[in-house]
Amino acid sequence: MRTIDYSIEPPVVEQNPSLSSINESIAKPLETKPTKGWYIAISISLTMLLIGAVSLGWTFYKGVGVWGVNQPVGWGFDIVNFVFWVGIGHAGTLISAILFLLRQRWRTSIARFAEAMTIFAVMCAGIFPAIHTGRPWLDGYLFPYPNQHALWVNFTSPLLWDVFAVSTYFTVSLVFWYIGLIPDLAALRDRTTNKIKKVVYSILSLGWRHSNRHWQHYEMAYLILAGFATPLVLSVHTIVSFDFAVSIMPGWHTTIFPPYFVAGAVFSGFAMVQNVLIIIRKVFKIEHIITLDTLEKMNKVMLATGMMVGYAYGMEFFIAWYSGNPIEQFVFLNRALGPYAWSYWIMVSCNVLFTQLFWFRKIRRSIPVMFVIAVLVNVGMWFERFVIVVTSLSRDYLPSSWGMYIPTIYDFGILIGSFGLFFTLIFLFIRTLPVVSIAEVKAVLPNSQPSHGGHN
Amino acid sequence: MSSEFKIPEKKNISSKTKFLAFGLFGLGLLLSIIAFVVDSHRALANYNVIFTFLVSIAVGNLFWFAIEYLSGAVWSTVMRRVNEIFISFIPVVFVIGLLVLFNTHSIFHWAHEEAVKNDKLLQWKSPYLNEQFFTIRYFIYFLLWILFAYLVLKNSLKQDDVKDQIYSYKNSKISALFLPIFAITLTFFSIDFLMSTEPHWFSTIFGVYYFAGTALSSIAIVTLAVILLHEKGYFGDILKSDHFYNLGALLFAFINFWAYIAFSQFLLIWYANLPEETFWMIHRWEKGWEIFSFILIFGHFLIPYFSLLSQQAKSNLGRLKFMSIWILVMHYVDLYWLVMPSLYKEVVFGWIELSFVLLGIGITLLVFVFRFERIKNIIPVGDPKLKRSLEFHL
Amino acid sequence: MENKPLYSVAATFDDVNKLIKAVDKVNEAGYTIYDVHSPYPIHGMPKAMKLKPSKLGFVTLIFGLSGAIFAFLFMYWVNVIDYPLIVGGKPFYQLPAYIPVMFEVTVLSASVFTIVWMLFIMFKFPNLSHPLLDTDYMKKVSVDRYGISIQAKDELFDLVKVKEFLKELGAEEVFEIYFKVDELKDKPKIFDKKFISFLALTTVIVSGITYFILNHLLFMSPFNWMHEQFRVDPQTTTTVFKDNFGMRNPVAGTVARGHLPYPFKGNPADAEKFLVNPLIPTKQVLELGKQKYLTFCSPCHGNFGEGDSRLRGQFPNPPTLHSDKLRNMKDGGIYHIITDGQNVMPSYASQITEEERWAIVHYIRVLQRSLNPKESDLR
């Protein structure tokens, strides 16, 4: 049996690096020529983006009729992808805000990256509500502005709440991310020798001068922002769940949807962050900053949230039986045994069964295994949304209006394109901005804070 | 363990407090017995409310105990003994619950055979809602809770003497196992004892709703106990304002969490407007019950939210003490609001209710005093995290 | 020191504990206008510098609450006053459904304004001409050194003394930091030509884009296949027929339903003589007549046929329908006037079907009888 020493605080960063070496290792990718591998990676992601752009162009040209959506199943891949990407986006704010409030210091090394991922994922998500109307040039009407028709949006529709939630979430995440970047941009400004970069960094860092009179307010602002981002992150996926749950569709209208969606979002987001971080730390040789311990903690979070999702699956089934409502019961049996049973079982096995492997410490600390499990988690979470959307719509109250949903090549093209956009943005991000927060990592290094004498 | 910090000697509880505990318990018991004689139906319903309230406190503390081990939190280590005192309530609560178990007939509509005979829905539910299975489930819940409570308390107390880290490790493992079991047992417990008082109604979020109240009320009672002990000097001067700040922050967080869950449940039912669900909400919005609904909206969310919003408030001892009492009262109102409207068409609140509240306070105080006398150290002196806990700062 | 634009004297330290001690000493010595620089926030530093707790929370509270109130009032105004619309059987005012949007607007306004307030009002950013920027001192404190900078503005400031003092505290290096002279002279003016033209350009661009989006972009429909359907529009050619005419003549010797030729065109006398009302004035017929009368006739003839036009002189007022001439005219005559027109009144044959015309005639009779009842009606 292995014992841990509980009497000392586990270090966030390994090998006890010096403060200046932190600047070196984090700024290195920004100051060197990209490697061959990076070019290969970005060309793959750009190709995917192009596939998406072509599919999207064809969709605009011909209309949403080229998708697989039909009369009973009016929501298909568009809403599935939307919920999926919004969910991915949740880990970022969770890591940066909730773990900040809980003072989990291991978050510092991954927070910046996770926040960037949030922004990119929300951008990917934002595409889908915009295009699913089929006439994206009319999306301006989604916002309440005094227009010449003298019409107002329906403030009581969950779809309108979505507009508010997603745009607020995007804005606040962007502000949060930028606020964190300011000191780092100032540090880059002070070290760069390139004139153009210097101008850019100077403008972006707004003249930050590491003053402690500023740090005081800055920390307060960060705390306030974290305090707001936490309920915000809950509210966003809650409102996304309202899209389904306020309706009277069997299988959609269950009261557990809000927390269940939030847990699922955190679950898939952590899986995505973990996947990408594993690659980043390897490529940039910052394994001592993004440590194996950090990854292990992420796996524990995945285990916990995975079980919460499993709890919700179970609860839905139990209450469907307990309610005595035959339609509700049919929907859940149909999920597990009906024509889309394969997707249901992919969902259950990826989300609930495989993650149970994280009970074992060996697996939590084995990089290839955790990578595969996290990929499977994302597959499972994508299928979760597919199951919710498609099974309920294809088999609702009236058997006479049942129908099957078969996605077309354009549906898949747009899905691939959204991944292309996401990874392209990530590849550009890691070449242009520090992927780890320099200031925050420095603040948690050993000996970086005064030993506790009189001042605290 | 640490030479820099003086671990305070354990003092005994003053005889005045003991007298108060006995007095409250005695008075509560007397009044409750009178209430049973006067209106046994209403008395039993109230008894159920108090029982579920005590479960919240006892099992909720076991949850927080597990969370401390799993998250590696150090600030709470110093006050963990208080946590453990409340965990040791579980066997007592088990005994208290037996009375509910023997009187399902007067509390639960589904336990009436003639009612089930004429009700298709209840017939459908009878494989789950029947007295035999109900009893079996009761024993399963408490068996598991007592088992886990016994294991973790044994390890924690042993560590005081042996001072071996292995016990921390063992407790972490047990805590990890406990959490999924906690989630399932607490959910079904809430369905059995609270939701099934209105057997026609259902809500998938109900377990989470009860959990939110449980987590909130158990952190509130720990806050209250720690502040009272601190003020009486039981902790010496080892508790800093940062420790209290964390308690305040947790209270604040779970006030929000409760509101979030409660609002989610309400909005979905209100919006979809399905008669099979709304009748439950409507019933709590008419015939005087709306007073309780309003008390919950303001008292369980808005007032505590704004009084704990600022940073200073979260470590202000007077404010914290008041708010933790306030929240305990609100949790009682919450449970009352869940149970009583299911049994009474029109609002009922009077001396019967208050005498059971008195009984609940008396039991809590009495068990606390008894347990406090038994333990050797008020601080887990053998815990390896203790030094870090004492040095804790934000 | 008098004419030299000295900003401050700054010193770097290599250890955070040394820094904290140094800050204590600086406070003890009585300096008040100084600053501490470090690459990351240091715990306990605000206390050591004796800074007051940040008041940023109040800004957040005020903007958060005003966001919530604004969102509530706006939605209330839209849903209850300006555009009341029943959706899903819910009342106009429905607080539960407002809460999500209220929450989002609260978060948005609170967090964005907190940051804007902090950066632009408290810190007075962007400030790229601060004397500390671009100094060797700044380059050190942004990496791994901690610095104290005592400003020349301080009452106790004395260049030599301060330098000595800082060295005594264990400073690694001491810097003198000067204002940048050219930037000191360069005072921004509101009526600067460049600034004004920048403003003007921004205004033009922003309003142009807004105009384009609101008035053009929102009405563009790049690919709207619904507009283009497989059918022959009037006045267009087609390849279906040999002669390429899209509009066809009816087959010889046939008449389309409801399009029988009107034989009394320009011949009111014969119409009155030969046409007979085929309808019996039942309740339904009169209802139909009333409806059609109110739609087509009443704008000029008035709701009760008194010639009181609603057109306010834009069209000549017709005479009353209660004249003796009209009352004595046979049904066929009135029918003819509706069908063929009379004086400035045009033909309504294309708008009102034959049956409806006869129904209107019955209704006009009702109106006439209501003003000039027969003996039998009064009994």
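A, B and C are the chain letters, set down in written order, and residue numbers restart from 1 in every chain.
Rule of thumb we're sticking to: a contact is a pair of C-beta atoms (placed from the backbone, for glycine too) under 8 Å apart; a residue touches a chain by one contact, two chains touch by 3 or more.
The model shown is predicted, which means the values in this text are computed figures rather than measured ones.
Chain-to-chain contact here is organised exhaustively, every possible pair of chains being in touch. Compared with chain C, the chain whose C-alpha mean position is the greatest distance off is B. Averaging Cα coordinates per chain and for the whole protein, the chain whose average falls nearest the overall one is A.
Chain A and chain C have Cα centroids separated by 31 Å.
For this pair, chain A with chain B, the centres built from the Cα atoms lie 34 Å apart. Averaging C-alpha coordinates per chain places the centre of chain B 50 Å away from that of chain C.
Annotation for chain A: residues 231, 242, 456 touch two or more other chains. Under the contact definition stated at the top, the residues of chain C that touch 2 or more other chains are 43, 57, 88, 97. Residue numbers of chain B whose C-beta contacts span two or more other chains: 267, 271, 273, 393.
Note for the complex: chain A touches chain B at residues 1-10, 101-104, 231, 234, 238, 242, 245-248, 253-259, 304, 307-308, 311-312, 315-316, 319, 322-325, 359, 452, 456. By the touch criterion given at the top, residues 71-72, 74, 120-121, 124-125, 128, 165-166, 168-169, 176, 179-180, 183-184, 187, 191, 202-208, 249, 253, 256, 260-261, 264-265, 267-269, 271-274, 276, 383-385, 387-388, 391, 393-394 of chain B touch chain A in their complex. Those residues of chain C lying in contact with chain B across their complex are 43, 57, 61, 88-89, 96-97, 99. Interface residues of chain C, counted against chain A in their complex, comprise 16-17, 19-20, 35-49, 51, 54, 56-57, 60, 74-75, 78-79, 82-83, 85, 87-88, 90, 94, 97-98, 100-101, 103-105, 107-108, 110-112, 114-115, 118-119, 122-123, 125-130, 132-133, 138-139, 141-144, 213-214, 217-218, 220-225. Residue ranges on chain A touching chain C, taken from their complex, read 18-20, 23, 60-63, 135, 137-138, 140-141, 144, 147, 150-152, 154-158, 160-161, 164-165, 168, 171-172, 175-176, 179, 183, 186-187, 190-191, 202-203, 206-221, 224-225, 228-229, 231-232, 235, 239, 242, 438-440, 442-443, 447-451, 453, 455-456.
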